[in-house]
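Input: structures, listed below.
Here come two complexes built around chain A, the first alongside chain B, the second alongside chain C.
For the complex of A and B:
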């Protein structure tokens, strides 16, 4: 009881504060702007108070502070049940808790909070590099716990103690692995689901406006990884990873068509060669899957939208694997309904008149749709158009402005302009977004967010025969290298201030480890777990069996730890100490006397004699022998002495217990 | 079967010596009533070879205690009353030119004695204080390139008046550390105070106490006292106590290793006085307070008496 109330030393305070700072740091980027100054103020005040021995502030004031921070959180993040706000509250309160952490009791609470805060970072990412950081953070937290419980020396960084912390943590590793393998898994973790709270959409989305793909271009994080079954990666120019198809243009932003039908991927395309490949897609919080045109088989993992995009019935909230078969077609024959044709010919009326005039002029020269397509591509190719990720902003009539004035743009500008030009010429056209290219690192093809791309698709209806879709990438007319070697390699300027080539290379080579990590850890899902259990000959049907197994393992683990601890505890008291404890137990019925036993046998003996004067001669005798046996330099005939001590103690016991009655 | 008691084995202080020690304490107790603990601490400190700092109000028996102890051990006794105009030479002695022999001859100061009572130490200027304390630490006086050894049993009992602080120079922590123990006698309790005024007590008050021991025996005891054994368990406990003073949030500065050694020596001395040749935790407990009393202060400079007791209570011996 006394220990839990004991005051914290400077060293202990330092370690718990260090643990809090480390736990909070990786989440700082998404906390409200006032958080950092508040945390700095709290920490510096707490240390100021420690140095100057200022007593704990009034509880009312602390309560008021906590409420104030709560109001601030609601003010800056809104009053909704979201993961965001819950984590922010947890972190803020952990930091504020430092203000009232003066005793061991509160310090232990803070340490537990630290473990919890560290865990919450996993809700946002389970990346490999992050694991290392969070392990470090957990290590420091554990060390803080160790310093709270026992200070081996007064040194602030005690190498011995850090070693012992490492030893205790490494003891936990086998259990962590065991629990990782056998803990029952949910098919889709509700706590980790960005969709549950409606947050966390990343990657290509189903709208596009000037600048939205440039934003992705800045991001080097992986979008998905592809392994080709036959090990042969098709040439870069063929790697168009189809994502959301955009139909509607409001003069600035493109958006998708809401479809009400999905179809199975079961089609034959004559003798076209089939490519089989597997995709490991990072979570996007959306339903789009990425594939090469055109998918013939998705092994039941996805369905096709009418515009040939692969779509998942469930939101992709965690790493997802799927196997696909595709054929690379130049022409995709498909019927187009009148309703859809009308939609795909729509463009904002009474806008972009200069472009419209130009198209009309081309049509007058040669009405053949293919000829118009070529004229447009030639224009991009031969006139002064530039591929740039820092284009001048466009206002007003976007198409006219881009085509005749700014002439600098990224893929989204070209795809958008080209598609509208086609629609003006009466050719049904739409924008396809997705990724283009990828980096082949030997094991797999890595497609990053920065490979995001947008291109066009036009529907050609020849005079005789049926109509077909054809992919046109206007960007390739401006910058053919983009399609051949990827967008980053053709840019000479930096994308942002920390954009260095070596850093990109490092990130790419790190991705190999990340891939392994994904394979072995992140992707260890229900089915893999089932397979593992099957492999060791344990088949389970439901969660109940698994829960029972868990219980058994927990019980076993507990026994495994407790038995040696109990045994060690017995060993720690040697025979003489046990004798003393025997004496202590005989006076257990007298709590006032019993409490004195911590002060040592000499003190206790004096107290016992005071309470039970009749025991004096034997007690004195016992004490003298005991001290002799335990503390003197050469205890003679130890065994005999011990026997004699035990005998004396046995004679004392009835005296002390007889007096119990009155 | 008759229960034949096993006699504790070796005993350094023989029956005779123990008898002497007990009668010494009793004899001093005749003069200073009801202060057996303080008397024991002073004598233990004398046997351990350390100096004593007494902090008390005037009239509580500091001088009586000093004279009684010096008499019972048959020691030379000198007393210096320290004042702010005292010079180091007033304590240590001075070299004077002798015209006849045309040499300097050294005239020894009051420090060359066996038992020195330095009254009101904090009234002296720092210069004089440090001269005295340096001599105490080194058991010698160096003057004009000559070294004069102090008496081998040299013992100082310094007094301080804690209340009347005007015109005093408080001893710095480093100087306080030179005293093995510090203690305060305090007021006697009612019954004992009554006895003070009894004819019986007053009649024997002015009589000197007969010497029961001698400086030579004291030196022997000092030697024997150093042989008192401390087991590993006792050293663990000692270290734990010291460690707790260093990590206590309310204590300004914990015990230094020198203070730790003082604690050890005093505990040895207590064990010796209790006729044992080994230290027990109780010896350390007994020695802990007087050793810490002047060494541990709170952050605002107050005496940490309560905290010292708390540390003892919080450190279990099992």
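For the complex of A and C:
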């Protein structure tokens, strides 16, 4: 390609930059802080250079810049071979490449890299809404390629060319869908683990410190979806989705206990008592799975830890499906070892003395553990405690401060305070985090990140050596609506500036589509493909059949574009051309004359008149009208002329036809 | 089979249509399609993307990958249809002197719009759009010998719209281009033989010695200044000057040069010089007499005769 060395025009540069910016934009949030200023500088310099005809900088300088950026990346993201760092390097180099993009060759390289950059976004998330990004970015990148190849006009947004790009892409969509469904998939990765390219980290974590759950409250994205096998959703107050159980408290942060054993099997329950359900969990980048209290067994989906937490064997980096059975128990009988009892009674020594004094006073009045539990709950219920998403920050001895000073908080404050109070009273207690409630979307129950919740579990021992766990949700004493109808409905203040009820409702109804999207697109895999093949009659998935099927589909799809294109490109003549062809067809019987028709209307007319002198006046009239119509700009007048032309032609035809006879 | 012979056979195999009479319509049977260099780069990036998408079963990546695959298919067809039913109406070229490049004007036409129709070779390239049924492309061709030179095989191609594929057609038209002999440079003085007195006078080779100059290839032996040459290392030639009428006669038979081509080359130079001075002249070749005249038409008649002398001197 001789043109490969040719210089870029302003318009071409604009479209390339547009493609790069659009490809990078959705990843901006996870790029280092210096990236945006760097990118802006690079782009503005490149345009400045274009306007002022500044030549490309020395290669050594550009090399140095690239190295500098590389060092910056390692400095801000660490030197590991991770997905983050490789994607950041790719993106930075794509942007930096603009600095040396002066010729067609470099421009083509940058544009094609844009496709790759677009793909890397899906390694982090495959949300439904990203389909717009996919289509948009593919469109702009393709249009940049088109503009690089040829500028139809000098206009920046040439409508004709944009239309042509759009047509190409929309013709490609049927291919994409068909190939998506039938292209052979891999059952397991050939190299690397899916963890390396998992979709990222969100959701509840295995520590809880003041304010950690509040971040989740702000987040309306889905945590998981549940379908109940019998279609009946239990009442909201029973929907406690158990996540990480936290044992240790250092005065500020709760953290979990590491276990090296599994929970003992519980006694068998009949089908009537158990609830069977399926969970479709969004990627969290962690190992926690969620279940209703209390899950009967892990069903091979993960480890069932002694504190009834389900813990996945691998990190959940993709959409995960699992089926569980639970029994909704008030009391969960379980033995407690001395070691664990000691751990569950530990609280920071020499802190929170006021609380300790209060507990000692209650114990003196009635030493029964259940009585202390009720006293504590009554205190939350009857004294002026408030449920608030914007509590004053706590410092120092947080339990004392919350119980006696601020008295405003949400689940994590109440669960944390209550648990420590119980431990002070000698009742083994722990904090359970997870989600509470969910929105019944008809087909399934949607649990959002904003449904995150924390509650307590206390161990009651009516007799020595036999005790049970009991769930206590102190938050429900302060705000019963929280548990009955969900976290969103008790809010009076906005969580953030774009927090509107209609927006939340829209998001919830959008989740239905997202659910379908997950079913059909995000979670499409070998087994779903096999089911599809089965449905259309391909039972065996051996290489030969697949190869044949692929060939058939390739041929079919090729025809799919070929046919509309033949149709679009078929010879079409405008009315004037058709009239001319009519004239030509009438003299087809005279080969010598017919051969003249390529030389144009004027020549042909002259020749016809020579051969058929009797047609002269009509032919002259025809020619005059034809030329008038050909160069006429006004549409109505042209229409009139065309009608006249047809009439004249109809008069000429018999003359030329008649002369054929002799 | 020697490589040369093999190449010839290959050429013949691919060029079985031989020389064609224009106009030629390039239907689908004549179109070659291959991915272009950027297209291959696109394919390699696409392949990487597909591997990554399949390996991690990342369905949105695969969607993008398959969308791009569909796009490539569509673009392939678009490129093909952009070239299909293109017509090469005619090839025109003005005569050139041997050694100069021949400029070919290719008139192409089509019933629908064609974008970025391109012709390229080692010497030049040109691109055109056919929006109003017809358009023209220019290409160059080296001149190889005097006389009629057949037009080279013409390659018309397009990469529209995305440049991922190249579609091209070949055509060898029947047409030939007239190549005049290469004029000798610098132009030697006019000969003194022949010619007639005219009103105006020009200095041509005459009887009286006006000066002495070093020998130039092709000088007649009788002009050599033997005495002077013997005294020095060089060979010297006597310059004769004589006024001659504007009527010049260039006679092939009277020239003292060993090589036919050199003779023709010199006459060509003289003809051009005479035409420049607007002097009437006559070219005499065995079997050809131009008659005494001047002017564009006469010039071309003479040059054509010179070009075609001894059937074009084709080697």
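Brief remarks follow.
We adopt the following convention: the second predicted complex is superposed on the first by the 481 of 662 C-alpha atoms of A that agree within 3 Å, B and C clash if a C-alpha of one lies under 4 Å from a C-alpha of the other, contacts with A are read in each partner's own complex, and residues count from 1 in each chain.
In this section, a residue touches a chain if its C-beta (ideal position, glycine included) is under 8 Å from a C-beta of that chain, and two chains touch if they have at least 3 such contacts.
For clarity, every value in this text was computed on a predicted model and none was experimentally measured.
Residue contacts after overlaying the shared chain place A:130 against chain C, while chain B stays out of touching range. Once the two complexes are laid over each other on the shared chain, residue contacts for A:171 go to chain C alone; chain B is not touched. In the superposition on chain A, contact is made by A:7 with chain B only, not with chain C.
After superposition on the shared chain, chain A has more residues touched by C, the comparison being chain B against chain C. In the superposed pair of complexes, A:379 makes contact with neither chain B nor chain C.
In the overlay built on the shared chain, the residue A:624 is in contact with chain B alone; chain C does not reach it. When both complexes are overlaid on chain A, the residue A:597 reaches chain B alone and has no touch with chain C. Within chain A, the residues touched by chain B in the first complex and by chain C in the second are 2, 573, 598. By the touch rule above, chain C contacts chain A in their complex via residues 23, 36-38, 41-42, 45-46, 48-49, 52-71, 73-75, 77-78, 81, 84, 111-112, 115-116, 120, 125, 159-163.
Chain contact summary for the complex, chain A toward chain B: residues 2, 6-11, 53, 151, 154, 573, 577, 580-581, 597-603, 621, 624-625, 627-628, 630-634, 636, 640-641, 644. Those residues of chain B that touch chain A in the shared complex are 5-6, 8-9, 229-231, 233-234, 243, 246-250, 276-282, 285, 299, 312-314, 316-318.
Partner chain C is touched in their complex by these residues of chain A: 1-4, 108-109, 112-113, 115-116, 118-119, 122-123, 126, 130-131, 134, 138, 142, 145-146, 148-150, 152, 164-165, 168-169, 171-177, 179-180, 183, 185-186, 189-192, 194, 197, 318, 521-525, 557-558, 561-562, 565, 569, 571-573, 598.
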